[in-house]
Each structure stands twice: as C-alpha cells, then as structure tokens.
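Attaching a single structure in structure tokens format; questions to follow.
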Amino acid sequence: MMNITHKISTLRKARAEAIVKLSLPETATAVKEGRVPKGNVFEFARAAGLLAIKKTSDLIPDCHPLPVEYAAIRCRLEGLKIIITVDVHTIYKTGVEVEAMHGASVTALTIYDMLKPLDKEIEIDGIRLIDKKGGKSDYMQYAG
Amino acid sequence: MMNITHKISTLRKARAEAIVKLSLPETATAVKEGRVPKGNVFEFARAAGLLAIKKTSDLIPDCHPLPVEYAAIRCRLEGLKIIITVDVHTIYKTGVEVEAMHGASVTALTIYDMLKPLDKEIEIDGIRLIDKKGGKSDYMQYAG
Amino acid sequence: MMNITHKISTLRKARAEAIVKLSLPETATAVKEGRVPKGNVFEFARAAGLLAIKKTSDLIPDCHPLPVEYAAIRCRLEGLKIIITVDVHTIYKTGVEVEAMHGASVTALTIYDMLKPLDKEIEIDGIRLIDKKGGKSDYMQYAG
Amino acid sequence: MMNITHKISTLRKARAEAIVKLSLPETATAVKEGRVPKGNVFEFARAAGLLAIKKTSDLIPDCHPLPVEYAAIRCRLEGLKIIITVDVHTIYKTGVEVEAMHGASVTALTIYDMLKPLDKEIEIDGIRLIDKKGGKSDYMQYAG
Amino acid sequence: MMNITHKISTLRKARAEAIVKLSLPETATAVKEGRVPKGNVFEFARAAGLLAIKKTSDLIPDCHPLPVEYAAIRCRLEGLKIIITVDVHTIYKTGVEVEAMHGASVTALTIYDMLKPLDKEIEIDGIRLIDKKGGKSDYMQYAG
Amino acid sequence: MMNITHKISTLRKARAEAIVKLSLPETATAVKEGRVPKGNVFEFARAAGLLAIKKTSDLIPDCHPLPVEYAAIRCRLEGLKIIITVDVHTIYKTGVEVEAMHGASVTALTIYDMLKPLDKEIEIDGIRLIDKKGGKSDYMQYAG
C-alpha cells in the first residue's frame, strides 16, 4: 500500500460509468414501466451501490480506507442500455477512482441480478473512469 | 448521500436508548445473578454492540463512514426492563445519531438472543435518540 | 454457541415487525407522495434490510450462520406509523427469529436516516417477533 | 429474494470473464516481466477475487448466501488485454452466476488499482457470464 | 480453492489453542479480580472470538464458507499465561482447523488490546491446532 | 472504548512480527521454489494480510477505526521458519499496534492454510509487537 502519510488532504472527485446492456426490448419496457418483479430496479440498486462504495477498501487490498463525504448514483435507460454514473467525493490524501468504479460495478451487478429472470443475455459492457478532479493537478487546502 | 465536503469538523455526541422488555421475573433474576447459560449477558452484548457501532455505515446506505472516537454501552436492569444506553462521540462533519441507535439495536438483539431460551416473550420496546450535541447548535473548531 | 450438530434440518419461518413512529403529518405525506429528497424510502430501505438479514451472524455472537432461502420486507404507512414486516425462511437446524428482527431493525434505521432531515422526533417504536414456524413444534424432514 | 425453500440442491457451475484493457505496451511488459512496483499482479488480484466471490451475498441484496465449494481465478495477458476467467461451483438450490461475475469484477478492479500508477487509461472492458451448468437443464441429486 | 463438490459431509471438529503471555503479576491479578478498566476480559473477548470464527472465510482467501454448528471459547489464567481454547464443530465437507485458529487469534488480540494499558510487554505466544476429528480418518454420514 | 476526542493526531508507526514454523524441509523447499499447489504463498498471503489490517476495528471491539495510511507486509524464509513483518503507519490519535498484529496473524493463517496440505505440523509460533513510534513519546503535529 502506497505511503500517503506525507501527503496533503485536498478535495478529490471521481466519476465512473458502467453500462448494462439488455438484449430484449421487453426488459427495457419492464424497467421503464416499473414492472420488474424484484422491485424498483434503479432505487434498489442505488442502495446496494452506495454501500459498496464504502466497502471498497475492504475488497481491494491496496486501497486506503477514506472518508467518503459525498456519493451519488444515477441510472438512466437509453434504448437497450442502462447507463450508471457514480460520483464520489472526499477530502483526503488519495483519490476515489476505485471507489467510484467499485460502486458502478456493484450497482451494475445488482441490476443484472434483478433482471436476469427476464433476460438471459444481459452483459456489463464496460466500467470506466470518466472524470477525476483533485490530487496533483487540482490543489485545494484542507479546511476541515 | 449528503455532500459534507464543505462542512467543518466539530465534536458531535449522541446518546441512544433501547429497552428490552422481559416477560418473566425468573429471567430478570437469572440476569441479575449471572446464571444465564449463554454467559455474562451485559458484557457479552457490550462487545457486540461496540462492533456494531463501527459497522453502521456498512449497513445504512446513506451513512457516512466516520471516526468513532468514543463509544460506551451501559446496560441496567429495572424490574422487567433492561435499559441500554449507548454513547458515541466523534469529531467530524456529521452526527453519530444513527451509529448510537444501531449500537443500541444490536446490543438489544444480542441480549434477546441470549435470553430467548429462558423467555419466549421478550420484546425490544423502542429504540430512540435521547440526546445529541454538536453540529449546527454546538460549534467547536476541529483542533486535531 | 449452541451445539446444533445433532439437530435435523426443517423448514423454519419467522416474521418480525418494527414500527417507525413519525411526529409530523408532513413527513407521512412526503413518504406517500414520493417526495423525500433522499429517495424512494421503502425500496431503498428494503435493499438495506435484505443485506442486513444475511449479516445477522456477523453481528450477533451466538447466531449460527445459515442459508437464508427466502426473505421479504414489506413497509406500509398507517397514519403516522410506518409498519415494517420482515419474513425469513430457511431449511436448517435452527430458527431465523433474530435474522428477521435484525432485518426489521436495519430497515427501520434506514428509514429513520432518510427521514430525519424532515422530522427530528422519529422513534423506532418496538421490534418484535410476531410469528414463528418450524422447529420442535412443526417438523418437516429436509428434502433438499 | 426468491423463495428457494422448495428447490433441490444440484451441482451448479458458472464461468464469468472480465477484460482489463491496458493502453500502453510498457504496462503489458511490466506485468509480463514481474516488474510492477505493487507486486505480483495476477497472484495478488487472485486472492482479492477469491475473497470477493464469497462476499457476493453481502453486497447484492437479492443474492442467496451459498456454499462456494470451488472457485478458481485465472488471468492471462493477450496483447494489451488481461483476460480474467472465474469459475465457481456449488451444490445448492440456486446458481453462482453473480458470484462468478462479482469475483471477475473485483479481480479486474484490483488489477486496475495495481496498474494505474503506470497507465492512466486502463478500462474494464466488459464483464459477462460465459458458461453456466446445472439448474433446470442439468439435474443431479444432492449426494452430500 | 480446493474443489470439494464431490466430498461427503461428515462431522468435523477442531480445537485450537492460543497463549497470551503477560509480563507483570499485577496484570494477572487485575484479570483474576475483575479490575481491568476495559471490562470483563474473558467474556468480552469471547464475544469477539465467536464473531471471528464465523468470519474466517471472509479473511482467508482459500477457506470455504461453512456452517459453524458449534463453537466454544474458554480462557483460563495459569500464572502469567492466559490459555485460550477454541472448539469448532461443523457437519460439512471440509475441516474447521483454520476457523478454530482464527477464533483463537482474535480472542488473543482482544485480550491483548484490553490489557495493553496495564502491561506493555504482552505477547501472543503461539497459536496451534491441538486436536482435529472427522474427515478421512473419522467418517460419519450426514444425517441432517 | 477509550475516549480519544481530546487527543492530537500524530504520525504513529507499529511493526509486528509473526513466525510460522514448518515441520518438514520439503515444505520450505516447495515455498522457495514456487511449487506450492495453492499458489505464490507470500504474494497471496500479503493480499489477505493487507485486507485484514484494514478490518481490525471490525473484529476487535475496543479498536478505533482509523486511516491506515501505509501498510507493508514482508515474508522471508529462514530455515524452517517463515518470518512475517508487518508495518502500519497512520496519522491519528491512537496507535496501530493491534492493526499490525492482526495483519501478521491473518498473513500467518493464510500461509498455514496454503501449506497444510503439504505439512500437518505447522504452528504459528508467536505474534508480537517489535517496534512502535509516535504517541506520547514522539510528537508531531497533524499537518494534513
């Protein structure tokens, strides 16, 4: 694990995205109309994803435990794709990229798990960091 | 999850209370005389409750992970009631009410679990916040 | 921890109930009309409660880990009360009462946490076992 | 959570795959030659992935806890792609697809975390189920 | 992780022992007389050790999750030594040696943590398996 | 749990050591030559140990959760002994001794678990703190 004892706490932000690709238009319609038997897909998966963000350092050996000071998960349907956007902010000595990506991954897996009785061909089509602020490039002194 | 990146760390305290209601005087006597087969009820449940306080953000999706800097759990018997009082302190940007209530809940459930072989009608009769200091009303700059 | 190596696996069911008591009619209205800023209260809390049911033996020292084979959480609003009903089923050697009660407790705490920005006087007004089947009284051989 | 109390335990297998896409040939060379400063990438990530497989029901609300009776994680480098294959077997009443996919996701995230100091453009390029045996189509009585 | 899908469930037992070596007779006296400020050392550590036994497969990558069907932790003081004995039983396809040793280790660390304000030179002087039954040598068919 | 709200954050370091004692020279040779069927022993156990360091406050009731800002685990073979050295650093109000010892313990147990198919007589021969800096004796103001 990297030694961060000498680093300065700054505001760090990361945004990650995961895409869940459905295979059937009927699945998309069921999501849109709130007719998925396992429940309200986006709201249920959002709860799971928020918990997962906070467990990142419990699962990834070299991740530092850090104070997650803001997290938001948004899901939207575009055709046969569910696009998950996860934002995580902290004021700490290291970034929150892996936290955002782990949150996106667990949100996607929860949606996969809720929809697989309806659609056998769902895939998680990429998890990637789409934005990152703070750290070396974006200094801001710790005010807290 | 609320965005707390802009907030200031202050000393925050919360006290929660849970009440375990026994149905049989014999159960109360067994607790008082240390004759419960599963062990020393208050001391055993105290260990479980302390661990639970620290796991709150692992269970409640919108709770921020935070540095629990003091926690104490006290149990006392009053007639057929076991009264559990949980204190949690932190120096952070958000309060510890849910942490104190979750600690009270798990302490109560551990007591319930230890006593149910003796008494089938035990109930957890309310979990509530009884005191809260810090935050907006009780400002104190972070000195640490 | 009780020795259950000699016991027979049977179908066991438990139902627990927790009551969240609101203080303001406006809070009840916000829940009913889906206008709580933190999200869809019942669906979000349901996800947290289901995860908590499965973590019971992680929190309560003497609880046996067991295969949760069914769990359901239902929330309904009656006046100023939110009534949470949790069902847990297993086919195993010991009951699921504490699992159901722990699920009810974490569902209640998640609701408390989502509503406390709107209503400072919320209490969790009792967590209790309301039904239990299987075990000594209701034998059914393990078919799995 | 689906009610599986009436189902029969059979041997269930699932294989999932995740792909980590590097952007720099130097990163691939560092992995191949064992010169990644954070350690032996595949062996380190394998340990994290195995632990994650077992935590799946802790993270995904509707997943049943189940006896993981075999798990294997293999990683190989093909050009700029690291291909992760995860196998999970159980003898139980429900499948292990989500377990295999969650293991693949955490293995991929651990590799991402180890390599990001070397390569800023790494992506996780798809997590998908590639094989599944058992369940309705492949019956085998529980012999254990 | 070893493939155990083809194995037969039998009763398996393991006993592990850990020794905590105190450096000061005053520490032993404080334990004996119940005057340790942090609480009832043996009962408090017993709760932590029981929870740890059940978390073994969460911490050791190749350990199978398994139904802990009995666990007991006993601590006794002999001169300057605290001897911790941990018994774990299961009816499953693999043994519980690591579970017993992990329980002994966490019980010992909890005692260490409670006594270090009194005694700076405490050591954990060995954790070892002292008995093991079941498995190849001691067959018993699964009756459950 | 000790009240540390009034304490000052300083750089704290702890080093712990655990010794795994093998009984067979063949086991030592298998480790040295990378021929252990369960994988690369030191690298695999290092991942498990790092995760365990971060879970210490989850297992030991009175341990404060704290920001682990550096952790390193080194294993070396000396004759029939595997010597595990664990370093943990934090900038916080309390030390990381128990974190280092818990990391050493889980690293040792993972090695034990990987080698027990080869060697039935392995023991964990002592876990002890070997160095500690910071706290009362070694003051350094929190700069972060």
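A few remarks follow.
For clarity, chains are labelled A, B, C, D, E and F in written order, and residue numbers in each chain start from 1.
The definition used in the following text is that a contact is a pair of C-beta atoms (placed from the backbone, for glycine too) under 8 Å apart; a residue touches a chain by one contact, two chains touch by 3 or more.
In this text the structure is predicted, and so the values were computed from the model without any measurement.
Listed by label, the chains touching chain A and chain F alike are B, D. Repeating the B-C interface with over half of its contact pairs identical by residue number, the matching pair from A-D, A-F or C-D is A-D.
Rounded to a multiple of 5, the C-alpha superposition of chain A onto chain E involves a rotation of 180 degrees. Inter-chain centre distance (chain E to chain F, centres taken as mean C-alpha positions): 18 Å. Between the CA-based centres of chain A and chain B the separation comes to 31 Å, rounded to the whole angstrom.
Residue positions of chain B touching 2 or more other chains: 44, 46-48, 51, 55, 59, 61-62, 65, 110.
Pairwise, the chains that make contact are A-B, A-C, A-D, A-F, B-C, B-E, B-F, C-D, C-E, D-E, D-F, E-F. Those residues of chain E whose C-beta lies close enough to touch chain B in the complex are 39-40, 43-48, 51, 110. Interface residues of chain D, counted against chain C in their complex, comprise 1-5, 7-9, 57-59, 61-62, 64-66, 92-93, 142. The part of chain A that touches chain B in the complex is made up of residues 11, 46-48, 50-51, 54-55, 65, 67-72, 89-91, 143-144. Interface residues of chain F facing chain E in the complex, by the touch rule stated above, are 38, 44, 47-48, 51-52, 55, 59-63, 97-98, 101-102, 105-106, 108-110, 112-114, 116, 123-129.
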